[in-house]
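In the part that follows, the structures are each spelled out as structure tokens.
You will see two complexes here that share chain A, one where it goes with chain B and one where it goes with chain C.
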Partner chain A sequence: MRLTLTVLFTCLLLSNYIAKAQTDTTDLLKGVTNQSNEKQYVTAAFKSSRIINGHSMELIGKNVLDFRILHRFGYVNDGISNLFGLDEARMRMGFDYGITNNLTIGIGRSTLKKELDGFFKWRPIRQATGAGGSPVSVVWISGMTLNTLKWAVPDRKNYFSSRLGYYHEIIIGRKFSERFSLQLAPLLVHRNLIDTDINSNNTFALGIGSRLKVSKRMALVLDYHPVLAGEQFGTYDPLSIGIDIETGGHVFQLHFSNSEGMNEKEFVTNTTGEFWKGEIRFGFNLSRVFSLNRNR
Partner chain B sequence: MKQKSLILLLFIFCSGILHAQERVFTKNGNISFYSEAPMETIEASNKNVTCVLDTKSGQVQFAVLMRGFEFRKALMQEHFNENYVESTKFPKAEFKGQIVNNADINYSKDGSYTATVTGKLTIHGESRDIQSQGTVKVTGGKVTASTIFNILLADYKISIPALVKDKVSNNVRITVNCPLEPLKN
Partner chain C sequence: MSAGLILLVLFGSCYNDREDLLYPSITDCNTLNAEYAADIAPIIQSSCAIPGCHDAASGNKGGPFINFTQVKNKAAIIKAQVVSGAMPQGLSLSQEQIKLISCWVDSGAPNN
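Moving on to the complex of A and B:
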């Protein structure tokens, strides 16, 4: 009795061992791979470094040169005589360059007001999953604009500083899922010279940007900048909706917007179209990136 | 009687321990891939490949995190993860297989042995049976496993849009190189 029991017991153990050995061999990696949740940065919350007008929480990466061509046409409700606005266009041409993965600088020139602009964009906090990962990205952008039009009143004493404008922006954004990203961006614009007393030098707006991916290479985007303080007389909150289409090294952003300006100072303080009245412009952003890395 | 069974048990456990020691592994293996299309050459490498080889049975297994592939172009890397292999949905690629001619490899004698490996490769959530010729190199008791083989992206349901047909080739060459060390546990 005892013998049979022992044999049975041993057999049981043995079979147990064999079974264990088998599960072990079907997964050799067990015990080797750490199933830990390592910190991993979240990428591609937006396809481009701009949502439409405003900056997105994305940076372009180290040693990447991004050549951007932006167009804004006339009002769609001008009708057929103006080919729904396509007969006139404003343009901004610019270069962005990634110094590090978290720091980008850029310059551009708009045909509107013959304005130059330059900025830096720094991401001190980057959204990441896993242990110690931040739930949001935080991006700081500061820029300057320089109007190079001839002086409106040449007879009076004009100062160079009158041509300048500044903007500062903090983006707090999160990629909630593969499809949905949202960011909030308080933004302050200061202009050294304003045209009338009733306006204020400082304008404060809240940027709201969002993306909804509809396919792997296409996304709907929304870019809204309600002005909270210092709204300019006769201007409206810039609102743009569009679609991002990505093809390899290009991103095409096609959109409808009530603003004409293509830098922060301009679209926050000088959006004269009333969106819901149909004073909407068609426009597109075209981005082409070049990788200047020579070695890995 | 009791003693005998105890000895038997001990023997079983010991054999188990011995068995484990016949495994070699790495967490820092190298896998790179290369594809050439008329307009673009795509190259990336991953230096954190996990590989375990059971020298006794010839069973071999690889695992790699797709996010760990590094490209020269940042945007390429982003597109690789976002649009092609969908790293968030399918974070890992795995191979589970067997060295068919394991008996021909003498792991205790220096030399370079040709190994024929068959098994299942899983990329992008799709599994395919593959076979490849590889090399097992033994130098001073250290084992290095390496192989080069080709896969078709279409087999793994990684689709290439018509617009980038000239830039992304369906045919990808994969190079594996894993220096292995004894696994103790």
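Moving on to the complex of A and C:
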């Protein structure tokens, strides 16, 4: 399965290059008419700061607050008795804030494991056209998670550190055309406490995210995190497919995913649904941005 | 300064703990001889193979734990789940019961 998806992505990437090569003559003409060749940053590679579960290469602007509400429902294949999963829901509520155009911090809380999470997201390199422009954006994200459930075994010495998990991620992404963006994101998740030697404290995954714009306000998105090392017993690679709908200030993301968790630690190490067996969940992300600039 | 503080928080409290090593009292099997029929089966019957969980009609990931083969096939994950306290959901096993399961799995999950 992993191989099939990798081949699929490679084909997508190649087809884009071929399409680009075919339109090179028009690009040359554009170069003749646009004499300035000034450096211009590429914007809106993705419509939101998350592809579906994972971070995208996009950051929110300076002094912008992004209020995010995420929902994941039960398995669709539970059938009508569970209204195809809609009878049960997990939620994450979070706030992201842009300190600068290249630095975002965020916090959130998930109902699953009553887990708090926080992160910073920094973009040292931003994709730009014109002289000296980078062909890709590079984004570094580091975050922590804190499980606040009651101790499962209270009658022993429990340690605060056992509640903690961490993730570190480097995103390398490019907006290839107005319609197509692709990013690769190596991701390390560390959990301070695991159960036994059937599992591993460290899990290494490769985030693959893509967006294909189909109309002015809608885009297809794909978010896949094949686990390359330290896979947890009984878990599967998180795979999500969805559509983004933009309605001015709001971005709705509707999707199907085999993952229940809504932070990196949780969806990389604890995705128990087998996508191709129909163990998928409907979910949505709702994002509303507020500009906190004082002089506006 | 603030970047240093962030790095300290992010990397400063990193551990590689495992529950079976962190709590050796439940995994020290020197003086314990756990038997399936006498020790393990009663715990499984009363705490796992119950309606809505791992009884004969179980539709969950773990499946039913009605006979020895079903339990043995899941021995490693059963140990991991009870050692961490993740299972049984809604119930709790005593330290002695957790130790019996852990030691029985460590001894190769025999039908003794």
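What we mean here is this: the second predicted complex is superposed on the first by the 261 of 296 C-alpha atoms of A that agree within 3 Å, B and C clash if a C-alpha of one lies under 4 Å from a C-alpha of the other, contacts with A are read in each partner's own complex, and residues count from 1 in each chain.
Here is the rule we go by: a contact is a pair of C-beta atoms (placed from the backbone, for glycine too) under 8 Å apart; a residue touches a chain by one contact, two chains touch by 3 or more.
Being a predicted model, the structure only gives us computed values, none of them experimental.
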Contacts of A:T43 with chain B and chain C, given as first, second, both or neither: first
First (chain B), second (chain C), both or neither touched by A:K150: neither
Partner chain(s) touched by A:V64 [first = chain B, second = chain C, both, neither]: first
Chain B versus chain C as contact partner of A:N201, first or second or both or neither: second
Which partner reaches more residues of chain A (counting touched residues only), chain B or chain C: B
On chain A, the residue positions that both chain B and chain C contact, one per complex: none
Residues of chain B touching chain A in the complex: 1-2, 4-5, 8-9, 12, 16, 19, 23, 25, 27, 50, 52-54, 57, 59-61, 63, 67, 70, 72-76, 78-79, 81-83, 88-89, 96, 161, 163-164, 167, 183, 185
Partner chain B, residues of chain A touching it in the complex: 2-3, 6-7, 9-10, 13-14, 17, 21, 25-29, 31-33, 40, 43-44, 60-64, 98, 101, 178, 216-217, 246-249, 289, 291, 293, 295-296
Contact footprint of chain A on chain C as seen in their complex: 6, 9-11, 13-20, 22-23, 25, 61, 76-77, 79-81, 83-86, 92, 95, 98
Residues of chain A that touch chain C when the two form their complex: 120, 142, 144, 151-153, 155-156, 159, 161-162, 164, 166, 168, 190, 192-199, 201, 233-234, 272
